[in-house]
Amino acid sequence: MNEPKPLNVFDYEHMARQILQPATWDYISAGADDEVTLTRNRSSFERIGIRPKCLVDVTWIDTSTTVLGHPIAAPILIAPTGQHAFVSAEAEIATATAASAANTILVASTSSSRTIEEIAGAVASPTWFQLYLFLDRDRSEAMVRRAEASGCRAIVLTVDSPRWGRKERSLRTEDDLPWRNGNLQSLPPGKGEYPDGAPATWADVDWLRKLTDLPIVIKGLLTAEDAALAADHGVQAVIVSNHGGRQLDGAVASIDALPEVIAAVDGKLEVYLDSGIRRGTDVLKSLALGARAVLIGRPVLWGLAVNGSKGVIEILRMLQNELAWAMALSGRPSIRSIDQTVVRSP
Amino acid sequence: MNEPKPLNVFDYEHMARQILQPATWDYISAGADDEVTLTRNRSSFERIGIRPKCLVDVTWIDTSTTVLGHPIAAPILIAPTGQHAFVSAEAEIATATAASAANTILVASTSSSRTIEEIAGAVASPTWFQLYLFLDRDRSEAMVRRAEASGCRAIVLTVDSPRWGRKERSLRTEDDLPWRNGNLQSLPPGKGEYPDGAPATWADVDWLRKLTDLPIVIKGLLTAEDAALAADHGVQAVIVSNHGGRQLDGAVASIDALPEVIAAVDGKLEVYLDSGIRRGTDVLKSLALGARAVLIGRPVLWGLAVNGSKGVIEILRMLQNELAWAMALSGRPSIRSIDQTVVRSP
Amino acid sequence: MNEPKPLNVFDYEHMARQILQPATWDYISAGADDEVTLTRNRSSFERIGIRPKCLVDVTWIDTSTTVLGHPIAAPILIAPTGQHAFVSAEAEIATATAASAANTILVASTSSSRTIEEIAGAVASPTWFQLYLFLDRDRSEAMVRRAEASGCRAIVLTVDSPRWGRKERSLRTEDDLPWRNGNLQSLPPGKGEYPDGAPATWADVDWLRKLTDLPIVIKGLLTAEDAALAADHGVQAVIVSNHGGRQLDGAVASIDALPEVIAAVDGKLEVYLDSGIRRGTDVLKSLALGARAVLIGRPVLWGLAVNGSKGVIEILRMLQNELAWAMALSGRPSIRSIDQTVVRSP
Amino acid sequence: MNEPKPLNVFDYEHMARQILQPATWDYISAGADDEVTLTRNRSSFERIGIRPKCLVDVTWIDTSTTVLGHPIAAPILIAPTGQHAFVSAEAEIATATAASAANTILVASTSSSRTIEEIAGAVASPTWFQLYLFLDRDRSEAMVRRAEASGCRAIVLTVDSPRWGRKERSLRTEDDLPWRNGNLQSLPPGKGEYPDGAPATWADVDWLRKLTDLPIVIKGLLTAEDAALAADHGVQAVIVSNHGGRQLDGAVASIDALPEVIAAVDGKLEVYLDSGIRRGTDVLKSLALGARAVLIGRPVLWGLAVNGSKGVIEILRMLQNELAWAMALSGRPSIRSIDQTVVRSP
């Protein structure tokens, strides 16, 4: 093809927009309401200044790290996003294959187009399962059991969605979307779809904690108070996230919330971050402010739309490469050498 | 019709602009002078970051509260705005009907197209009367007596308009406006129209305080000093307001003035806020910073222009719904659970 | 004519631009270099929030004040600007007539198109003379003597122009300008034009102080240090000014420099301000931060270009009216009631 | 020609863009990644406010100073940039000639189109040699020896480029660029091109320190920590630089990093600055914040492209002139009179 070679994830965004149906594009790209938080997710990263360290030996850059003890090639996981069949026929199978190829972890969504059995079964590498609670506990438990049986290595409980955020740009066009939820097919009948009428509480976390021996990750908190509670309730990790600006418009940027969360957990939990990561330098800034890893959502869908599994691998490869570049240029050759002196205090 | 369904008050703004005569549009939309305060009213809200609380039971969201002891469905009142006949033949009758249907309160303006008797008489629910003082005390008193006789439940004294702000955009086109003031028809003859030559002072507040047993609300203050004076002069509530940016250009945004007012009144008065409310999250932010309720002005006129009483109801319904959504997504299921931890200290 | 009535000084700016030759327009409107300070002069005013006081008796607004003991109708003087013949055949005669009609003071520029004798002689009201020093002391002294003989009531020594700022936008077109300096015609021959090669120093201020009994005003300082020196050197007043952004690009805005100057002079001198005043609220903000009066430059030229003396009067009338409006709406009915509580501390 | 006379370096930028091939333009103008740092390099300068001092004798402005003991006409050096043959057939010979004519210093790049022997030999005035280390120490040493033998007066070790920054705008078009590196022709064969696989460390600085008696300048640090290390390792000067925004996108602006570097070196080293200098006032601000001199990169290439050696001289002349103007207008007639009171503390 004559297309210029994409150089970064924004190029993939551009290509995906050319390819996708408008309703699909709107669904993926929209933020809640006026998209103030969506915009802030980028501007907050761009405001941070990096303080490079020079004359460090950066011959070898090692981006590898671990999350919950699992080694990964770079601190960049695939965030749970639903309905991959909207953008690719192979759907989450392609995404899982890419995660495996890139030696990272896919957090498979409850809202996947394919079942967790298909997704986790497609690869030997670890998959985590993102859980939305159902009104009916039996259905929730059934879903957790299926995740366990499929070999998932952690349960990621999303806690920012007691209601779906109003992605108005998408609301105007969503009638054309071909929704299909793989996981719901084989669940026992129950009283309700998630998550209407079934907002989770910390009691549900306790219930889940007793239900499974898998590590539990709380996804979607943004405050020190909630982070401290997470530690008290025996979970293993938290994801600082505003759901890519898709839930509560006006919510603080994840990267702005990160310092208070880090201070609150005081090393007791692993802390990850998503919402707005588009560059290797964003990963560097996140790690500098205390995150152990980040997750990417929309970029994965762009890669998947453009070139299926290969597109996702390319997205992961580009971000890992950019992170390595940023580590070299900032004089931090290993993940553990990244500390708060990397960024300028505001 | 094939028009897409409006999703928010900005959609109504857009529709109203299509419908209204330019002079009417300018009159409603204009701010004073360079519209610096008009713009600031939005930007100050957008700068505030929300700190959502997760894993709270938000199965039931209760937006109800009270103002001056009157129960209302949501902390969103209808601000006094004049000349509803500019946008709808039914004028304030439609607005009052909508307020009643939405279980909230209309603050009927002295400058209404219809008389206070017609407006308050149209509905069983409580109406408050907004008062501009006349140079002639007899006329002022007569107006208060009519409000009392009509069953109004509070007098809202506007104090930011000893002169009309220069809404220059409207000054350029206002000759085409069909002014008609219902209330003035049946008043005793007097020395002047309001409020030229008759700026109110705290002595007038004392006079009004003695004149009526109705609760008095001071509308249009923006400072701690004035809020403290209001408490000293025995009023029941204040409305922090810059008159929608229509009076003194350069005045601080209401939301920026709110903290000092809250600190000054120290719980002795109810504090409401208007000027710039367009989203449920704006209501949430206002309540987080200490307001008991907010008032909306232009959005009501947009709803009225587009679809009469039904349009106003829809505006109120949308904002209440957005507020409920924001309460659910921020983990504050009741009005009293909304405190200052909802917003990020700057 | 069918033109809409101008409502503010920006309308005059627009009209002047239609009328004037491009070279003249560029000369008047340009700022130095990249016009960073020119832009800052407006943005700094717009950032300041006003804290209105309500329920004050503002029936009578009194904008009158004094400068150096001279009563004026409003704290708005006419700044020295040169070459009024560029925009009006009557040149400074029209400007002086307008100043007199508006009961304010014209600061006549050394660079006037007409002589100081013509200008000061045209009106009974006081004129101040703006002085640029010549390399040749005799010429400078001659100029001061002429100002004295013409009845000028103060000498305003401009100190920000040891070189002319590079107004690049104007440099590109200035060849078309019909320069003519009235005052230079009748001066004794000397070694140089002002102010090349003859930058003034504090010693020159001392020399000037001994030379004349007229009050001396230092125009063009922006720091506490220089304000303190001014007080030490026995002058009567200072004008905080960046020369309308026409001298040193990057210089702080006058309104941002004002607080440190006020603190430094500690009441020993009168302090005025220019650079960026376009609205009555700008005057209010300047007085709130400690200025006794402001001066306007470009707006006078716009008025002069559009309608000669009447245009200047209209500019002064509009600004006085806007100031009165702002005083009424902020609850400060007299100049002396304007204090620092009018503005929000940053 | 009928072209208007260029008034500033931006005019040269405009002219160069008309002349150069797109690939060359992109190569010169691009910043890394999203060009956040490139943009910040200008915005950070523009945010700084200057505090002019008035009534200082500025009859004689002296911009001369010294760097490492070498007298120069103004504190403006020519930064090392590579491949001058991209824009002018005479390449670095023209640049060196201009530096000599302007009585300043060219820092000749390792990546020059011509050899260091040609460049340094073309002029009697001092040349400094910018060094990139090779993987092979012998090649590095050979390069230093050639610089010494050519009469270079200092070695400028660039430390911000263990990898090349990804200038994506240029990556899209760089295939058309006619690379040719003069210096590499005659080097002994070795294991690698610079600087892949051969990131320098402080040990290399020590090695270099022992290798040569020439003063060593560390170019490309941005932090207090690294500045302190530089002092410890016996170098003579540092250049605070983000490589014109071409290396690590997100890096702090040099001018924002300068204060902490100045504090850290505590007078032990000379400190220079580059990245974003486009105006004489930028030089003034840099000196006010503690730099001894600045370096310019892209403007030199614009001058070279437009008019060869004469164009570079004109660039240097314009900036020196602007600096003199800024010194006069800020009341700092000599370089040593420029101190931190020139700028407003933020």
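Quick notes on this structure:
Just so it is clear, A, B, C and D label the chains in written order, and each chain counts residues from 1 on its own.
One rule holds for everything that comes next: a residue touches a chain if its C-beta (ideal position, glycine included) is under 8 Å from a C-beta of that chain, and two chains touch if they have at least 3 such contacts.
All values derive from a computational prediction rather than experimental measurement.
Listed by label, the chains that touch subunit A and also subunit D number zero.
Copies subunit B and subunit C of the same sequence differ in orientation by 90 degrees, per CA superposition (steps of 5). Among the other chains, C has the CA centre that is most remote from the centre of subunit A.
As a whole-number value, the distance joining the C-alpha centres of subunit B and subunit C reads 42 Å. In this assembly, the C-alpha centroid of subunit A lies 59 Å from the C-alpha centroid of subunit C.
Centres computed as Cα averages put subunit A at a distance of 42 Å from subunit B. Shared interface positions of subunit C, defined as residues touching 2 or more other chains, are absent. Chain contact topology: the protein chains form a single closed ring, every chain touching exactly two others. Remark: subunit D residues 33-34, 36, 40, 159-163, 165-166, 168, 171-172, 197-202, 204-205, 218, 220-223, 225-226, 229, 247-253, 256-257 touch subunit A in the complex. For subunit C in complex with subunit B, the residues that touch the partner chain are 4, 7-8, 46, 48-59, 279, 281, 284-285, 322, 325-326, 328-330, 341, 344.
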